[in-house]
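Chains here go by letter, A, B and C, matching the order in which they are written, and residues are numbered from 1 within each.
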Amino acid sequence: MCLGIPGEVIEILPESPDLAKVDVSGVKRAINIGLLTDDPPQPGDWVLIHVGFALSKIDEEEAQAAMNFLEGIGQAYEDEIEALLSSQIDEQAPIDEKG
Amino acid sequence: MTEQRQANWAEEAVREHAEDAAVHDHELAQYPSGADHPSREQQVLDRIEKARARKPKVKEERITLAHGAGGKATQSLVEAIFLDSFRNPLLEPLEDAATVTANGTRLAFTTDSFVVSPLFFPGGDIGDLAINGTVNDLAVSGATPMSLSAGFILEEGFPVADLRRIVASMKAAAEAAGVQIVTGDTKVVERGKADGCYINTAGVGLLDPGRELGIATARPGDAVIVSGPVGEHGMTIMLERGELDIEAELVSDTAPLHELVATLLEADSGVRAMRDATRGGVATILNEVAQAAGVAVVVNESDVPVRAEVRGACELLGIDPLYVACEGRLVTIVDGSRTDEALAALRSHPLGAEAAVIGRIADDPPGLVLLNTGFGGTRIVDLLVGDPLPRIC
Amino acid sequence: MRFVDEYRDADKARALSAKIVGLCEPGRQYKFMEVCGGHTHTIYKHGLEDYLPESITLVHGPGCPVCVIPMGRVDDAIALAEQPDVIMTSFGDMMRVPGGRGSFFDSKAAGTDIRMVYSPLDALKIARQNPDKHVVFMAIGFETTAPSTAMTALRAEAEGIENFSIFCNHVTIIPAIKAILDSPDLRLDGFIGPGHVSTVIGCRPYEFIAAEYDKPLVTAGFEPLDILQSVYMLLLQLSEGRSEVENQYGRVVPWDGNMVALRAVEQVMELRPYFEWRGLGFISHSALRMKEHFARYDAERHFSLPGVRVADPKACQCGEVLKGVLKPWECKVFGTACTPETPIGTCMVSSEGACAAYYNFGRFSRERVRQASQPQPVTIEAGARKA
């Protein structure tokens, strides 16, 4: 319901400390960081941007943990597919996984 | 809020489609509610296609900006008002240029108006657009551009220096495209009645007698190719207006495509049709192909070239780059067996260096553009109603 | 793009899909509601249902703030725009939403000054630049967006800006979820919880759903893998007999939310006794208005509004679609009288609405598309997957 996009803080604007310049895939905009005064973001931090405000600081550790889980499942799946393919190798041509 | 009334337009729409609803009720009565019956869904889908295929109507009382955006609203306006009155066999295909025959010589004839704001932007100005736009409409019709007209509508108070700058751009663009501006017109309107400067150009080009191009000739097995990354012009303009306060190092892709087209056609590359992907972007062109030829267009999302900055701005604003305008990119449909030749020909020219095959033509479902998403799913790419608008949700 | 592309990976999706299929009990049908319109949009935009077995149905919930605005409120906003020397501002999403007498675009064509803004702060900027006009910002959105509006009101007060007011239409998500849970014809197995709302309110407000209604809820991110993983987490809870609130979107959503944002909203706004939601009717304590202290920035007090309720046509079945009782295409006006060009019901209004998402992105038979599009990914459980 609410479009939120991750962007990297590249600088805190010296003339107004509640504004930070944020980079989204090479595109830059000044974003209000007044909602993050409990834990102000620094250059290099990633934030979630919604209607010109940073709503939340992205937690790198949490992100990594979620990725590890997804990669774990992916690896298990690859292994299973491989096992499946090698068991069929004599009967048919290998399945093109990408189709 | 105790006072209550009805939305008349909505009640009217319901009345207008009452017959469809009755048929629908009858169809649905055969199955229990909430159950999943593909055949039943298919019946509903068929009914929708019937509703969509009806004669378009302009329901609005006034023109809105959506009527100029190149999407569904533009299509309804053109078909219900212009085509309905002017109808003739040359106009009816609604191609980028009409084919006119004079004394056995086939000419392509086209016109376009330019109302861009701001007038000057990174990568070009309204003058470049006015020449390149018309040159491109001729080129993608398979014609060699020859002569152009230029009509200016100027606002009282418009700086002459700006006009000189625009005209200089037009001169340079015309020279680059090998065309001459052979006739013109000037009108001045009161301050506030125009946005500085509007330009209309029309053009004629010579068609090769042996070549028939047209989007209606697309057939299953054909390949769909774009000549480079999409959406740069539209996004440059959107950001340059400054209202969004977004900075990006983007420049418009405005360029004359006549040489690129010539290279492609000379290469015996099995070209069936070309379009320049202006208003409404690549998605709109592909919908036109699907409808004109009665085929399905299947696009692979991850094969569509998009620059990082265009993508970033699109993600931030919630816009799909497939709908963002280009001014120097063409979409071509080529015989599937000639894909490699077509791609090599495009890539041999600097304006086509980043050309890519983005999809293919299939037979079913006819009239639809399907997208195989980067994520591995499938969805429809429909015509937009109007301009893609920045959204927050 | 970091934190985006890695969550759109097809290989990981295939693996997760196989896990999901493995967790489904044979013969059992599952219905999960994604509350949030952003999730609906993601599901259709990426074609996510291609990865789900037929036994899982996603029901598209009421979490689209544009869709739920009643037509009468749009008419009120247009009445505001028609006042002399008023500049009306809102997000691009609102521009095409029809009220009883047309949309912002229609009103603009008839001569009012209505402008799109990216941020409420941009509306304030327009007020600064146009001291002889009064600028109204039509605020819409859930708890995600309310803090930005609140911050803008605070900024206006700090700067002493006089020619600015807010037409507040902020709504709150919990009462809407509760209204859905209390509807007698509902049958849901769990919820995919709103992600960005939760960055503000955190995950605790959902605990009653697990405790009182015995339904699992997983707060989810907005990339397709986030949603797929949430479906997996819901199934895992069901298979283990649990009903808990879990957070899939930990990278963005802190369990306790954003206290600064909540305080800002608390300072500026208060709950309305009731508010009308299109498709769901009147729901008590489900929306916000400006507090007395901010009366000078409240467009509803600054101007007198018509406040006339506009009824949805009787043929409209959005209420049933929102509760998952009907699929979009089962509504009798779907795709004929009701289309994205002329949306007569809430679900067709924005591309986040269940009907509009289906119409724009999914209006085809998966059977036929399977033949047209490229061969589908290899399946271990042959035949278990949809299309």
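List of remarks:
Please note the rule applied: contacts are C-beta pairs under 8 Å (C-beta built on N, C-alpha and C of every residue); 3 or more make two chains touch, one makes a residue touch a chain.
Please read these numbers as outputs of a predicted model, since none were measured by experiment.
Contacts between chains leave no pair untouched here, as each chain touches all the others. Of the two chain pairs shown, A-B and A-C, the one joined by more C-beta contacts is A-C. Remark: chain A and chain B have CA centroids separated by 33 Å (rounded to whole angstrom).
Separating the centre of chain A from that of chain C, both taken as means of CA atoms, is a distance of 22 Å.
Chain contacts: chain B has residues 244-245, 308, 311-312, 315, 391-393 touching two or more partner chains. Across the assembly, chain A contributes 1-3, 5, 24-25, 50-51 as residues in contact with two or more other chains.
In chain C, 1, 4, 9, 14, 37-38, 64-65, 91, 118, 122, 141, 145, 225, 352, 374, 377 are the positions where the chain touches two or more neighbouring chains simultaneously.
Residue ranges of chain B in contact with chain C, taken from their complex: 1-11, 13-14, 16-17, 20-21, 24-25, 28, 33-34, 36, 38, 41-42, 44-45, 47-48, 51, 59-66, 72-73, 243-245, 296, 298, 300, 308, 311-312, 315, 317, 362-365, 368, 370-380, 382, 385-386, 389-393. By the touch rule above, chain C contacts chain B in their complex via residues 1, 4, 8-10, 13-14, 37-38, 44-51, 54, 57, 64-66, 71-72, 91-93, 95-96, 98-102, 105-106, 108-110, 115-118, 122, 141, 145, 224-225, 276, 307-315, 325-327, 329-330, 332-342, 344, 350, 352, 359-369, 371-374, 377, 387. Residues of chain A that touch chain B in their complex: 1-3, 5, 7, 24-30, 49-51.
Contacts from chain A toward chain C in the complex involve residues 1-6, 8, 24-25, 32, 34-38, 46, 48, 50-53, 55-56, 58-60, 62-63, 65-67, 69-71, 73-74, 76-78, 80-81, 84, 95, 97-99. Note for the complex: chain B touches chain A at residues 244-249, 308-309, 311-313, 315-316, 318, 391-393.
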